[in-house]
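Let me begin by presenting the structure, written as structure tokens, before commenting on it.
In this document, chain identifiers A, B, C and D correspond to the written order of the chains, with residue numbering beginning at 1 in each.
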């Protein structure tokens, strides 16, 4: 029993125990139609749901801690180190603070929509974890339309963000909500097309099949030219979907105070905060699955590999947050429609083309075609040639 | 006062400023007022500099009666007079003609009185000046 | 290339991140309550009254010059009456209103008898506020040795006068860059 | 609500769509207005159709207080004007009072004043560039790098004057106290390490595409309009006008130093950012020469204890970090100034704020305001 499927063994043991111990115990109480097999199925479902609901929030809590430590170190300071050893209790302190803070609903705001928005943003981002393969056979629901399910659910959050913006009856949050809708809708398309590239090559929407298709170290799709470009597009679109750094317009602190969640406080604000990190984490998991070969990897067991790859991607998101200024609304739109979308379409074309060519020449053709399009597409976007402007020194 | 100082009257202020502007003094650095309560006059002080020739300040001084001071506005000629004239109107009560409109710069619109005048008495010594409406109730 | 500037930016931030683990100047936080940065001697906290270590007598002669010099009028003092009813050259009450004082140091410069100096105590936060913000003589008095310890440069400028204090202020050492005559009120 | 803004609603004809302009009040309680400054913006979507600045939230009647205090008692008050550049304000006020009374400070005091002003210029530009990128959205990283350097300078101020920001250091006729021992060595190490920091800062920001996209072409200020609006300092020089009061007036001992004046080309936000970075490099040159030539001698001219300037008026001005900082003093022979007027560069640089912002987006209005570099203590006095 190698380390790889230790969790599967534990689960089977638990399910077995449910049948041997639980069923005889509850037999007199249970109605007739619950047979041992059905009880086992129900027990395994409960176990996978509970394990996700325990692990993911835990990882997310310490993601917030890690972000503040990492961005702190980038800024020559420590980051939280007062609450607990190395600041490890900081997330718990934040959670308690969120719970105890007063929960304000704006007077003339739309009370019901204001209450529903945080729920509608949190639920889809949690549901999305059902299709993420944490390891060999360690997947909550091995849907054969996994990627479609993921993308469909993650686009529901757009609606919730706009509800929050509208219901707060505050000009800043309204503007924030409108920006969020524009941004998330237009970044949905390159995100989907980048995922379609991989699905097209693998031939199946199921995340497990996608991971299976990336055999061996150089089998990862990211080493294919079209895979690399699809990953870059996915990375850009993912940052925009999660409203994170260069594209954090909906909650642009410096201009819109706090964007769509200006009027939220207490646990409702906490739910927005959670949802933001959940969706960023989920999309990093999906990127790792699609392009970096999920749980595939030498030596270490599968489920450690996927967490490693995801944390590398999350570190890249932290780096974005620590470095980039914010893009303006119209540049944001221009970047998507004039740069990401055409590039995504050419990536799909190249992926299809190289499918029929033998591997090595296909690789070269793909690489040449894609880098060519990259530079060609840059021309209309480079309204600002790289300004090497220095001021003239006079006396 | 260093540099050249000229006394002007309200009538020929605009002409004088026009001549200065033509002579290359295109930078109006300072517009301020001084309340000479003893002589019952308010004096407006304008400082002009020339950017190109870097010549020193030419100062124009304009004496106005203290009761209802009215002065021609330099806004049509110099945009830098805009905020400074509003401040003089706000703190000294000098009316400026020839500009689209004037509003108090620093104090709130319903404030009574002009604080920088020597004879200004705040409403209550210990409490800050209370706004007009509140006093109304 | 379009993204080069962004990559350079990421390089700088990454270098800061990595170097903060082994280069001291890349990690500048001073953990305040545990680590403390030494205060420079000229630091200006609130003023305090100096008394000679041996005689314990305040050097202040209640001449009101500091009260007049203070822009925020936060010093009030009254001269004490001697046993024979004549005014004695020492203050009976000397109150400093912390709420008004802006720690500008003009009182110290105006005092010809070098009876005032600037303290280094800035941790005055209290949870409850029992005594009002107005400090009396007993809270303001500090020994001359304390001044030598926190601000040696000012201490030798305000060296204790060799003669008796009550004999009127004769000329103190001429060259004193801190406080004393030259500075105008 | 006023009727439809048909005159300058740019994008579309309101009669057709019967739309109205959203009036958004940015400030006085807003994270990026550098203090309590308010802009009432009329928005057509995200574009700004009209923008009206509102002042006065931090008005403390500084000039009325100035009339009730003696000349020396005003000195600590000037720290509170532009509370980021304490020493520069003190020195400007001292220069004006000396012009009023015709006093000439000794050589060493002049050198110390130049060193303190140039160090203040570094502090101000560091803070500006940091917060400009913070308004752009770079989440506190450039600000904290700039503050790391600024702390070193503030430590030097604290060692010299006793206060980090409220220095109260200049006196009429010189400076309050001489440099403590070893401070010149400390300043020299700071100056030697500074260019390396500036290069790293430029590497992080100057060629950053997002920053260039946002700053190039935003808030363009034409040279002629800037001069006519009395705009001074780096904002004026970024518009291509070569006017620096240190060169123009040649006051104090600046003519002895060899330094250049950076001048921008187009006058947009990116030029205002670049001019400040180059100005920091020039300040380092001045500091090196001033430290090398620092003479010995007294730091205070003979000024009577009760300073009573002769009747008359005087206008003294310096090239402050934000622009032309001037003090106009009228004396009636008493120990208190009869009229004490401050010429605030921050306020007058805001004259053309509306013209610069109209047509841009809200996000641009925020960085245009940031690039003009205002401090509300000086704007509202």
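As a working rule, contacts are C-beta pairs under 8 Å (C-beta built on N, C-alpha and C of every residue); 3 or more make two chains touch, one makes a residue touch a chain.
These figures come from a predicted structure and were not determined experimentally.
Counting C-beta pairs in contact, the pair that comes out ahead of the other among C-D and A-D is A-D. Distances between chain centres, each the mean of the C-alpha atoms, put A farthest from chain C. One simple way to say how far apart two chains are is to compare their mean CA positions; for chain C and chain D this gives 30 Å. One inter-chain figure worth recording: chain A and chain D are separated by 44 Å, centre to centre, where each centre is the mean of the chain's CA atoms. Chain B and chain D have Cα centroids separated by 23 Å. One inter-chain figure worth recording: chain A and chain B are separated by 61 Å, centre to centre, where each centre is the mean of the chain's CA atoms.
In chain D, the residues touching two or more other chains are 141, 145, 148, 204, 207-212, 247. With touch defined as above, residues shared between interfaces to two or more other chains in chain A number as follows: 74-77, 322-324, 386.
Contact of a single residue of chain B with at least two other chains is seen at no position.
Viewed as a contact network, the protein chains fit none of the simple shapes, being neither a path, a ring, a star nor fully connected.
Working note: touching chain pairs come out as A-C, A-D, B-D, C-D. Across the complex, chain B is touched by residues 55-56, 59, 61, 63-64, 99, 225, 227-232, 241, 243, 247-249, 312-315, 317, 324, 326, 328, 330, 338-339, 341, 343, 347-348, 350-352, 380-381 of chain D. Against chain D, in their complex, chain C makes its touches with residues 2-6, 8-9, 11-13, 16, 28, 40-44, 69-71, 102-106, 109, 118, 153, 177-178, 181-185. Interface residues of chain A, counted against chain C in their complex, comprise 70, 73-78, 319, 322-324, 378, 381-382, 386. Residues 1-2, 4-6, 9-10, 12-14, 16-17, 20-21, 26-29, 31 of chain C are the ones that touch chain A when the two sit in their complex. Interface residues of chain D facing chain A in the complex, by the touch rule stated above, are 22, 24, 26, 30-32, 46, 133-141, 144-145, 148, 204, 207-214, 216-217, 237-238, 242, 247, 259-265, 270-271, 274-275, 278, 282, 361-364, 366.
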